[in-house]
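In what follows, a single structure is set out as structure tokens and then discussed.
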Amino acid sequence: MEYILFYGLATTSVTAALVVVFANRVIYSALALIVCFGAIAGLFFQLDAQFIAAVQVIVYAGAIMVLFLFVIMLLDPESEDFSTDRLKQIPILVVPLAAALAFILIQVTFLWSENASRSLSAGGHTAGSLQMTGNTESLARLLFREYLLPFEITSILILSAVLGAVILTRRPE
Amino acid sequence: MIPSTHYLVVAALLFVIGVSGVILRRNVITMFMCIELMLNAVNLTFITFSRFLNQLDGQIFVLFVMTVAAAEAAVGLALIVILSRRADTLDVDQADTMKW
Amino acid sequence: MLENYWIIILFPLLGAAVNGILGRRFSHRVIAWVACSASGLSFLVAVLAFWELIQLPQNARAVSVHLFTWIESGSLVAKFSFLLDPLSMVMILVITGVGFLIHLYSVEYLAEESGYYRYFAYLNLFILMMSVLVLADNYLLMFVGWEGVGLCSFLLIGYYFQKQGAGDAAKKAFIVNRVGDVGFILGVFLIFRSFGTFEYHSIFASVASSPASAATLSVGAITLLLFVGATGKSAQIPLYIWLPDAMEGPTPVSALIHAATMVTAGIYMIARSAPLYSRAPETLLIIAVVGMVTALLAALVALVQKDIKKVLAYSTISQLGYMFVAVGVGAFSAGIFHLITHAFFKALLFLGSGSVILALHHEQDLFKMGGLRKYLRVTFVSMWIATLAIGGAPFFSGFFSKDQILWEAYSSPQGHTALWLGGVLVAGLTAFYMSRLMFLTFHGQERFTVNAESHPPPQEPSLLVTLPLMILAFFSVLAGYVGLPGYLGDNRLEEFLAPSFQWVLQEPAMEHSHTEEVLLTLVAIAVAAMGFFAAYQCYVRNRQIPEDLAHRFSRLHRIIEQKFFVDELYDSLLVNPIRRVSQGVLWKVIDVGVIDGLVNGTATLMQSCSHTIKRMQNGYARVYATWIMGGAVLIILYYFLTST
Amino acid sequence: MDLNYSALLPEIILSLTGIVIMLVIPFVSRERQANLAYLALAGIILAFLALLLDWNQTGLAFFEMVFQDPFAQFCKGLFLFAAAAIVLIAMNYLSQESRAEGEFYSLLLFATVGMSLMAASADLIVTFLGLEVLSISTYVLAGFKESERRSNESAIKYFLLGAFSTGFLLYGIAFVYGATGSTQYLAIAQAIQTSESEPLILLLGLGLMLVGFGFKVALAPFHVWAPDVYEGAPLPVTAHLAVGSKAAAVVALARILLQVFPELNPEWKVLLWVSAVLTMMIGNIAALTQTNVKRMLAYSSIAHAGYLMLGLAAHSELGTQGILYYLTAYTFMTLGAFTVVQIVGRHNEQHVQIEDFSGIGYRYPFLSVTLSVFLLSLAGIPATAGFMGKFFLFAAAVESEMYGLVFLAILASAAGIYYYLRVIVLMYMGDFHGDEVLLTIPLSLRIVITIMVLGTLYLGILPETFLQLASKAVSF
Amino acid sequence: MDGIEPQLTILLLIPAIGSMVIALLPDSRNRTLKGVALLITVIAFGYSLLLVEQFQPQLDTMQFVQNASWFDVGNLHVHYHLGIDGISLFLVILTTFLMPLAILASWTVKEKIRSYLFFMLLLEVGMIGVFISLDLVLFYAFWEVMLIPMYFLIGVWGGERRIYAAVKFFLYTMAASLLMLGAIIALYFFNNAQDFDLVQITNRLSSGEMVLSPQAELLLFLAFFIAFAVKVPIFPFHTWLPDAHVEAPTAGSVILAGVLLKMGTYGLLRFCLPLFPNASVQLAPLICGLALVGILYGALVAMVQTDVKKLVAYSSVSHLGFVVLGIFSFNLQSLEGATFQMLSHGLSTGALFLLVGMIYDRRHSHLIQDFGGLAHVMPRYAAFFMVFLLSSIGLPGLNGFVGEFLILQGAFLANAGYAVLAAFGIILSAIYMLWMYQRVFLGTMNHEANRTLGDLSLREGVILVPLVILALWMGLYPSTFLRPMDASIQKVVDRIEQVQPATVYRVEYRGP
């Protein structure tokens, strides 16, 4: 069951990802991306990260992708003709590179799993505190104690992003 | 329990697809979406390791990545909007005034 | 007292400095006074020095005068010091004496010229340098004089610098001399390497005290290198070519430098180095042969020259060859003897010809003279005296010195009958061409142009010109009596010079009788007389003969007339190829093409690299992303490959 | 647990200043927004004072999220200095472009906060966030002249490629996390030290992180974005990119490599070696034929990143010292050069072609003398900061016996001299063919240039003071 | 070894402060500026003469030593170490001596005079600095800094192709000297990071406290050598020289030929020989070969030049070839000759460039074909030209001979073949110089423009007369200059002999 779910989600996410790349209309890519994010959220859930899975759906699939769709609607990219490509040689370069990258990454992953028993763990802030369910509370505790500084930094980050978006998009008087 | 390797392989595939997508697509929005795909692959990796290591730090990291992704989306889309407004295109290859 | 006689060089130094620096503001009179008194005073001092020297016992007649240390570097010490010994005294007397007379002569001769001060400054400088050359007590200081006289010769030949020919000749003289000088300085290097010093005394003592076989090779090389220097300075084959051209200079200069003094420096140097040369028989042989060949060739060329000074120039070369034959057979004092007599009569000949040239308003072509004896009595008489002297007429000075050389060439251990035969032949030729010169100049028809305005009839110059002629004529007759041949009396010159040759390796002389000597002398006289009469026949009695001969042997005549094409040979073998290679290959190809080409090529290469690299930067974000991805793949591929 | 606020007091002050500026903007008329620059300056000075208070304190702060050590303090001081200069340049720039907008300063201050965090970070998460704060602010700043197509293109390229490389960086961090179980510098280092062999996954993480940082530092082959972005961005932003952003990435990279991965030295040294050579060569050689001074300086800054890698690859105290010194020198000379370019460039940067500098030598002695000093310093001529910096870096590399690298660096810098010289040649030896519009040098920029020149010369002639500081700073 | 004698620092400061004064002086008339500059250089010259007076010739150590830490952080110990010995003493004097003359020769410069003088004085600082610094880093700093003013002097005040020449000069020398920087640093770490001190390192090397592997020594030597070889310049690194000389303004050429080229040979003598004696000896045949090629090649190419300045420039290639030959003949005579020749060449070639500049001021040409018969209108000029021409071709009694003689004698002792080949250079030098002289000064005037040329002015006379006096002094009483060198050069020879006893030829007196 677990495996079926996993393979289902994995296949969905990879297929959706491929659709993102190869769809001929932007809107399809966006929709496929939402599907992909959903599938990944499922994988998160399987990996005992229920809170993250929820955030994934809400923030990513929800907020961010809506923003994307909004922009797509606004700009109407379908009207533009992308048929003449000045960089025809790019795919020829990318395919072997991508293949090599994928090969190495997967190979490394397998190599890693062989020695995975040998724990390198130096223990983060919460070594051994991961429960099967309901880790939201400890997550929150972590976030507001040990990870207080990063959390505060994100406020600056968002502030500057907002400020930036505002400056960039306002129409000059 | 499904071994971590499986998840990592899925993440790797997603990452590679994302990377390839950035390069293969000319539409700025699609490129950006592919970048989001890369970030998600990273997130999946983090979560997998987090479970493997049996600790929460990875999940925290993912939260921050998501925040960053959101912030980037705000700025990135704003930039895309003004590019389209000024250059009247979403084709990244049109943005080649400066070269050599 | 003798230690103070370095002031011999002080006067010409002062004279040269005063005239050289301030002369432009002086009147001709002042310039002439300064210059003449400088050389006159130094002559006077030289006479005093000579006087003091002969007061000394014979074995003490070598006084070293140390002024200061010139160059010192570790154990290399070159002193600025002089050696007063018989040899240098004889030379200094000739130099200052003849020099003074020529100064006097020049006062009038150059009266019209604008660069008067320049001329006299150079002339004084020459006396200075020549004195340094002969007075030096080491080879390096001798080299100073050696190059110095070359410089003065250059300056004086180029005195009429507005004439293209004068400039060319001056340059040629200097450069050819430089070639010789390089030989000389290499010889000096080798001397230092072999002996660790430059001083004559130490070198000679050392070579005399070491066993005969010890330093043969280096002595041979040293002497040969020094002789290369001598061929340059004394105009011997293969470096004689500058001397005929040097006649572009003012005639008094030709008399002083290119006849009486500077060109004999080579002889002096070899005589000075006699202790070395006497231990290098191979070199001596080379010298004798070179001298003989030079003497013959130059005499041949002199036969057909049209320019009065060119005839004298070739004659000088020929006579110098004679002297080299003398030193080449080991008869060093005979060489010096001929040097002295030659100084008088050749200077006289040149001055006389100068007087002729002056009278004819700078006409030098023999065939445009003739019949001048009416106009120039003193010149005529004195020049005939000199001609007889050089031609070897009995009891004139040249007779004794020439005769001694011929005898030595025949009789000395290094001598050879062939050398004697050659010498006699040259004597005959000499008599011929000198008589030819005299006949063409003073006898026969007047072939010069005379017109009222530009060319007034020739006129004997003033006493200032004729007095030196007379004095020189006097010595041309009498100078020979210092060195009488054995069958007539004592050779006082040889005796006097003996201390200077004390380190010379004396080989036992072969026994020869006086009769033999007298016999040979008679033969020589006969040959000379034949030369004289042949000239008389050709140029006084029947002017057609030379033309017929020239016609009949037109090719030979042309070769001789063109001086055996030696200048052309040098031009086409050395000068032009070097210039062409320098211009065409070294500069244009190697320098500009290859080296600068490489330099600029690097720049161009960098530029094209730059353009190549810039193509990476083609403005497409996707291409940039590919680069980033490529880099990432390379990095992880590297890690992957190295750790698995 | 003590949060140890003092360690981050400068950042807090900067952030607050940024926020205050943001908040007061609506209440300040457009014409007077230029005065916000003074507010920003005040904030920077205050932050600097706070930094001084904290000087030489050591320890960890905020739950071991940031270091409090001389290294961080040195870098923060440098960043604050650069920020102050850029504020002054920007003030002038914005008024010249009639775009006196206070947001610019806020973003700049935020970016500086990001940089400071990168320098002080003790946890990859802080490094990452600092980097993102810096990046996002800079993306916006690069596109600040939104009406200008070049600015747009610059921003979009920077953004796309920046986000792309962030993906690699994050992936790398994920692997490192997976391999060691922590994102904390010290913990990771500890874990690597205790394990007997380095798992491949760790190397993978290291490699991917290098990609991310290589991008920010503009190391070949990840430098490709730099020339375009530098050229298109508004000039103060270019200066910020070339100085601040690059320096922050270099120090962060230095801290990570030296503090987190010292054990893996042989592994990353090779990469740095190759990358340094490529960077120096590409930067210098491509700069040879540039016609746009801004773009030329962009290539030049790429080349300088290559020199900096010498110090890093050396992996020694001297090397790190050299990096810090060189960064200081580089800040002085590059900012100075950009300031002059800004003045000569005038409105809308119309005059940044190399011909525009032709013959200005004797018309504007102040500008040309100072620009010559900066360029000579960039070329590494003695008596300037650039020489000393290079000297230390080369010395470090030689000390670590990387002779080949030094040799190639020497060749590269020899090639590089030409293009710096070309500008000087034109200034002094070319004919003036600009228009007769008189260049005006505002007082503020005059001050900036003067400080930069004095700094360049001081660092070049009397390096002792800063070298002492740098040498203290290398003890992590 | 601490020294606190301030003299050399003061000597550096005089022109340094002078340059500041020039830069800050109010925009007054050109003459005032020139006067001030002249005064400063004269003061510097006077001060340097004081040094000669206090110099103790019998010592072989550095004198007037000032040694203080420049920066000393971590394991970098760089010193501000100044000092002179017999080798550098006269090079400093040469510099300070030529500077006032160069300023005087610049009287005709009209444009941008302030910066011109500023660069001149800066150049003087750099040049003096090179000769007196004993710390390798300090030396390197001066070595390169000095390029900048020279570069500007050529590039701004030069002739038509000045930019090409200036850039070529700068890049050529800079590129070559960067390698030296690498070698300096490497040497430092071979020295266990103790110091960059030339004196100390030499001592350690000779005492065996510090050892260089043969390979390292060879590479370091090469790095130093190439830097110096370009500066000298040794064939085939010479092609920057003709361009730089032709385009440089008169004073620039004078300084370039007079002092800058000497830095190369000074470097060889001061650094290459004592630091890397084995490598020096090992490569000596090659280097002597290059020197010989340079001598003959420079002379041959000089012969066919059509431009007087270029001719003199190529003649420098030839003359400096002698110096290099002397240095790499490794005996007292050749080394003293080389050092003497450095001074002598600085004097005579400097003077020749001054002379060429004087005619250029009048006629704005230095092509041989534009002249002819100048001796008619400019007799004094022709006379001075002749004197320096003679000194340049090594006429005994003038300065050129002594150096050339000692070099060749030394070379002859070391390897007779070299000296024989080099001697041909002497012949060639006479050829090209005299041929040029003939075409420029002798013959008839065939250019109308030359008829009205005036002879030397008082100012020009003032420039030339001291040079003539010095030329005679050096030629007739060289001991003034040779004696103080003895001890220092003997030290270099001893250093070579210590490691390569067979190489050094010791002269023995083999008299009776």
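Note that the chains take the letters A, B, C, D and E in the order they are written out, and that residue 1 is the start of every chain.
Everything that follows uses one rule, which is that contacts are C-beta pairs under 8 Å (C-beta built on N, C-alpha and C of every residue); 3 or more make two chains touch, one makes a residue touch a chain.
Remember, it's a predicted structure, so these values are computed and weren't measured experimentally.
Between chain A and chain C, the least number of touch steps comes to 1.
Looking at the partners of chain A and chain D together, the chains they share are B, C. Across the assembly, the chain pair joined by the most C-beta contact pairs is A-B. Seen from the Cα centre of chain E, the chain whose own Cα centre is farthest off is A.
Each chain gets a centre from its C-alpha atoms; the one nearest the centre of all protein C-alpha atoms is E.
Across the assembly, the mean Cα position most removed from that of chain C is the one of A. Once the centre of each chain is set as its mean CA position, chain C and chain E turn out to be 37 Å apart.
If you average the CA atoms of chain A and of chain B, the two centres end up 6 Å from each other. Averaging C-alpha coordinates per chain places the centre of chain C 78 Å away from that of chain D. Mean C-alpha positions place chain A and chain E at a centre distance of 70 Å. For chain A, the set of residues touching two or more other chains reads 86-87, 90, 94, 98, 101, 104-105, 108-109, 111-112, 121, 123-125, 127, 147, 150, 154, 157, 160-161, 164-165, 168-169. Counting partner chains per residue, chain B has residues 15, 18-19, 22-24, 26, 31-32, 48, 52-53, 55, 57, 60, 64, 68, 71-72, 75, 78-80, 82, 92-93, 95-99 touching two or more of them.
Each of residues 614, 617, 619-623, 625-626, 629-630, 632, 636, 640, 644 in chain C touches at least two other chains. Chain pairs that touch one another: A-B, A-C, A-D, B-C, B-D, C-D, C-E, D-E.
Those residues of chain C that touch chain B in the shared complex are 614-615, 617-622, 625-626, 629. Within the complex, the chain D residues that touch chain A are 3, 8, 15, 18-19, 22, 62-63, 65-66, 101, 103, 106-107, 110-111, 113-114, 117, 123, 125-126, 129-130, 132-133, 136-137, 139-140, 143-144, 146-147, 155, 178-184, 187-188, 190-191, 194-195, 199-201, 204. Contact residues on chain E toward chain C in their complex (touch as defined above): 168, 172, 236, 238-240, 297, 300-301, 303-305, 332-333, 336-337, 373, 375-376, 379, 383, 390, 395-397, 401-402, 405-406, 408-409, 412-413, 416, 419-420, 423-424, 426-427, 430-431, 434-435, 437-438, 441-444, 476-479, 482-483, 486, 490, 507-512.
The touching residues of chain A, when paired with chain B in their complex, are 2-3, 6, 10, 13-14, 17-18, 20-21, 26, 29-30, 33, 36-37, 40, 43-44, 46-49, 51-52, 55-56, 59-60, 63-64, 67-68, 71-72, 74-75, 77, 80, 82, 85-87, 90-91, 94-95, 98, 101-102, 105-106, 109-110, 112-113, 116, 121, 123-130, 135, 138-139, 142-143, 147, 150, 154, 157-158, 160-162, 164-165, 168-169. Partner chain C is touched in their complex by these residues of chain B: 19, 22-24, 26, 31, 92-93, 95-100.
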